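As written, the chains take the letters A, B and C, and residue 1 is the first residue of each chain.
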Amino acid sequence: MKQLTEITTPFGEVAAAKPLPGTELGWLQQLRDQAKAQFERHGLPAKKVEDWKYTSLWQLSQEGFSHDANEVSLGKTELAHVAALEDAYRFVIIDGRLNAVLSEIDNLEAGLSIKPLAEALDQAENMLGDQIDLEKPGLNAINTMLMHDGLALHVEAGQKISKPIELLVISTAENPKLASHLRNLIQVDADAEVTLLEHYVSLAETAGFTDVVTEVKLAENARLNHFKLQHESLAHYHIATLASKQAAGSIWNTNNISLGGKLARNDIHSQLLGEEAHVTLDGLYLVTGDQHVDNHTRIDHAAPNTTSDEVYKGVLDGNSHAVFNGKVNVHKDAQKTDSSQSNKNLLLSRSCEIDTKPELEIYADDVKCAHGSTVGQIDEQHLFFLRARGLDETAARSLLTYAFAVDVLQRIKSAPMRQALSNVIEKRLPKGA
Amino acid sequence: MLEIKNLHASVGGKEILRGINMSVNPGEVHAIMGPNGAGKSTLSNVLAGREGYEVTQGEVIYKGENLLELEPEERAQRGVFLAFQYPVEIPGVSNIYLLKAALNAVRKYQGLEEVDAIDFLNLVRDRMKLVKMDEQFLHRNVNEGFSGGEKKRNEILQMAVLEPALAILDETDSGLDIDALRVVAEGVNALRAEDRSIVMITHYQRLLDHIVPDFVHVLSEGRIVKSGDKELAKELEKSGYSWVHDAPEGQTA
Amino acid sequence: MTDQSQQLESITQREYKAGFVTDIEADSLPPGLSEEVVREISRIKGEPDFMLEWRLKAYRHWLTMDTPEWAHVHYPEIDYQQISYYSAPKKKDDGPKSLDEVDPELLRTYEKLGVPLDERARLAGVAVDAVFDSVSVASTFQDKLAEEGIIFMPISQAVKAHPELVEKYLGSVVPYKDNYYAALNSAVFSDGSFVYIPKGVRCPMELSTYFRINAANTGQFERTLIIADDDSYVSYLEGCTAPMRDENQLHAAVVELVAMDRAQIKYSTVQNWYPGDENGKGGIYNFVTKRAACRGESSKVSWTQVETGSAITWKYPSVVLQGDNSIGEFYSVAVTNNMQQADTGTKMIHLGKNTSSTIISKGISAGRSQNAYRGLVRVGPNAENARNYTECDSLLMGDKCGAHTFPYIEVKNPTAKVEHEASTSKISEDQLFYCKQRGLDAEDAVSMIVNGFCKQVIRELPMEFAVEAQNLLGLSLEGSVG
């Protein structure tokens, strides 16, 4: 196996050669230097690192991605076809670059600010990098070195934003083997509320690499309904960190749907820092062929009376491999923590593999924590029931598979969002074939 | 038997009981009625010594002793029994095991020997008839998987075995259908005795049709606003609780 | 709330009743580990060459290994040169032939521990092998068992009496390369029990080994090997105690079980090694590798453990389910109090078809202890219709302790059904109040609730062990609740 650190060279060169935003900001330059040093020390994580036990980045390191993209645009109708939400503010990134023409961020309602990362950097010193751990084995360091674009979203105190925001990240056939390093900054001030959909999609079955870090800061009683839909091509690599810091009374509702990618990895981390803060981490992964999906979630209950609720479900077909790791960490003095977590997996084929590890680490005593995980098949009794009602076996299986998966979406409160995401799932898992 | 004098108690800094006065003599059955939030359950919890209830004023004398100074188990050992409104489930602990441990705890306090296994079984079997419980209940875990009615009957069974001097029945009728109510009431009636006092706490009059009290007290906003005999309960049923809010301050028996 | 914590604390302060030291003359090797020491142990034991060769291979391999650091336990580095690898009570010649020849001081020790070795005094139906420091001092009922063709003897004796069996099976379940402590054990193990149950024999009594560490600065490295041939059954019990000493002592045992076609082995442990004092001074480091191979079809192995002792417990009794339709079970209660640390659980490796496993783990943490469940359920690609059910509950008593759950589930076969459930909660105040209202004092109430919490495990133990375990649970938590 090639030494993983060898790949520091191409990334390093990119960092030196490419005009990255914010070079004039001393603090940012310092942060990038720190990230570079960190990456040069540790490289990409190897499988002996516990958090990467079941996911190898070796192939990724062998692909030889390019960092230069030709500018690409799409027609409005083509875009409408790709977008998931009809009525939304839209921030469109195509092949790693903001497309200002297709983005709809000009007429924003009061209290809402949507900017490209580059334009937000001069205000971002206290925000950028604050939610993530640079030292953590993974791609946080690379992303910090090389981030070049992304969404900066800010909602002012008390504002309830009426329309959702769709961050649409499109990979096209025009720039194959392109690596994008995106950084999104989401800041919701006290008592404000907003809904965001991160939507990653490929227009062709070409290989690419999306490296994205989304940082979320929720002030007191802020609420962020945060959805992620990833259906990039089956040759694509998608590695994401989604990390939040939550103040008292804030609510972060997430739903993370993973359909695409040759390799998709999400590290989702919620830090509940104030009392009564709540997080919902939901997710669904549907994988087939040679897909590999890995969801690592971590919840830190760092204050008393915080709550968390997590449901991840997976449907595995073909030679796919899914990994789930859900860690719940209850800190000392985080009394009255209430946490529940569940991971359920449906195996449809002979050669798929699931590795699941729900974890609890508890250092307070007055807590209620539970987790469960299951691996299994379609319930034979349910199948029999449907067949007795006249469905043929294939149709019955499809229906039950769809029902298993869509259960996660039914936890979404907003009807249009639920509908939009269910439509996508239905295309992948027809209710009856 | 029991003397409650100017009892004030608060929960989480909020005053719930605001000067309860009440006297219960041996053999008497008292009913305490009142609307939701009047402080009925607070009173029973304070008497039994549950944590989280702070007595800010007043005293409770039980058989000449200051009840409030005693630990919950010391009160129980001295004959104070609380039939819980919501009996808890204890996984893995069988009903009979708890009964025996409880009976022996009381006997130990009384300076008696631990009960012999055979005598104990005979005693329990005998008392089970009172509440029409099947023997299989003895071997099930405490209240685990019991229906609402079974839980309440189980409380009365414990009372029958432990033979307390003072039994406080906290909303024993809640959640019972009429048949279950009848069984529970018959059990309690069979346990009425000259040396045993019973305090029933209830929202509804219907329990009092089956267990006829000697005295009825109306509790409202942490005070006893009216006391009388069983007729008072009937009156309450007719006119509801709305009038008690209008009753003049401090009108107690 | 604080009242409750104080009461909890007062209940969990307990006395360790097996903490006395037996004053007996011992032959010990001086502290230190080298190839010479390994050769010397083998020489003292009069072992055949194959054993010495195997020990030396293990020792050489051990030198290349690093201590495992992945467990959720913390302790200062162990100086392996400060440990004595052999200690045996002085004796006349080649070990006792009968109980009459056993040093009466030793007999009294076991008597005091509640394990009388006198066959007449024993509960009928339990045969005991008593291991004192590095050697077996007495095995009871050997003759009676021999009538059935059962071999139950110290492993040091079995190496000589049944070398073919030992050579065939020793290290076949836990190879010396398996892990750091298994390698160390393979190099220096001094004694332990050996059991062979012939085809079709149902062992007529419980077999048991009682391990006692007595000497100071001594490591105990026992090795147990149990082979249940086709259609046989055996129930084996293991108990452990050690004196109270300020120094930590290492106990690195290896237990290997082999179940052939339709054979069943039930292995029960009540582990009560000295846990150290309330400040974490002293206590046993219990680093143990226990593994069973369900080699035969429809074979079954059940591990039941009640772990209340040791300063640090690092053990994962596992089952490799090779035979079709084989069954693995793991029932565990782990109690930690004061400064104890436990990282324990199991591995169920499903390889054969229609294999099934059950894991019931109950962890109770009190004081400033750390208690972790770590488990692996792996279903291989050929394990059609594998089934696993895991239930893993933790009870917290006191706000300074920790309870952790690390279950790994790896499934490579789509016909597998794996279910894992875990919960962690505090001992319920409502339950405590309910029991107190019925007249029970805090200590009895806690003991009752904890025993109820552990019932699924306790009921798997043979009767006399169950009683001991229940008492131990109460004792272990004495001073922790109210």
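By definition in this document, a residue touches a chain if its C-beta (ideal position, glycine included) is under 8 Å from a C-beta of that chain, and two chains touch if they have at least 3 such contacts.
Since the structure is predicted, the reported quantities are computational estimates derived from the model, not experimental observations.
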item	value
Innermost chain by mean C-alpha position	C
Farthest chain (mean CA position) relative to chain A	B
Chain B and chain C, separation of their C-alpha mean positions in angstrom	48
Mean-CA-position distance for chain C and chain A (Å)	44
Averaged-CA centre spacing for the pair chain B and chain A, given as whole angstrom	55
Two or more partner chains touched - positions in chain B	none
Multi-chain contact residues (two or more partners), chain C	1
Chain C-facing residues of chain B, complex	48-51, 71-73, 75-77, 81-82, 84, 87-88, 90-93, 97-98, 101-102, 105-106, 109, 141, 158, 162
Residues of chain C touching chain A in the complex	1, 70, 379, 381, 394, 396-426
Chain B partner contacts - residues on chain C that touch it in the complex	1, 3-4, 428-431, 433-442, 444-445, 448-449, 451-456
Residues of chain A touching chain C in the complex	50, 316, 332-333, 335, 345, 347-377
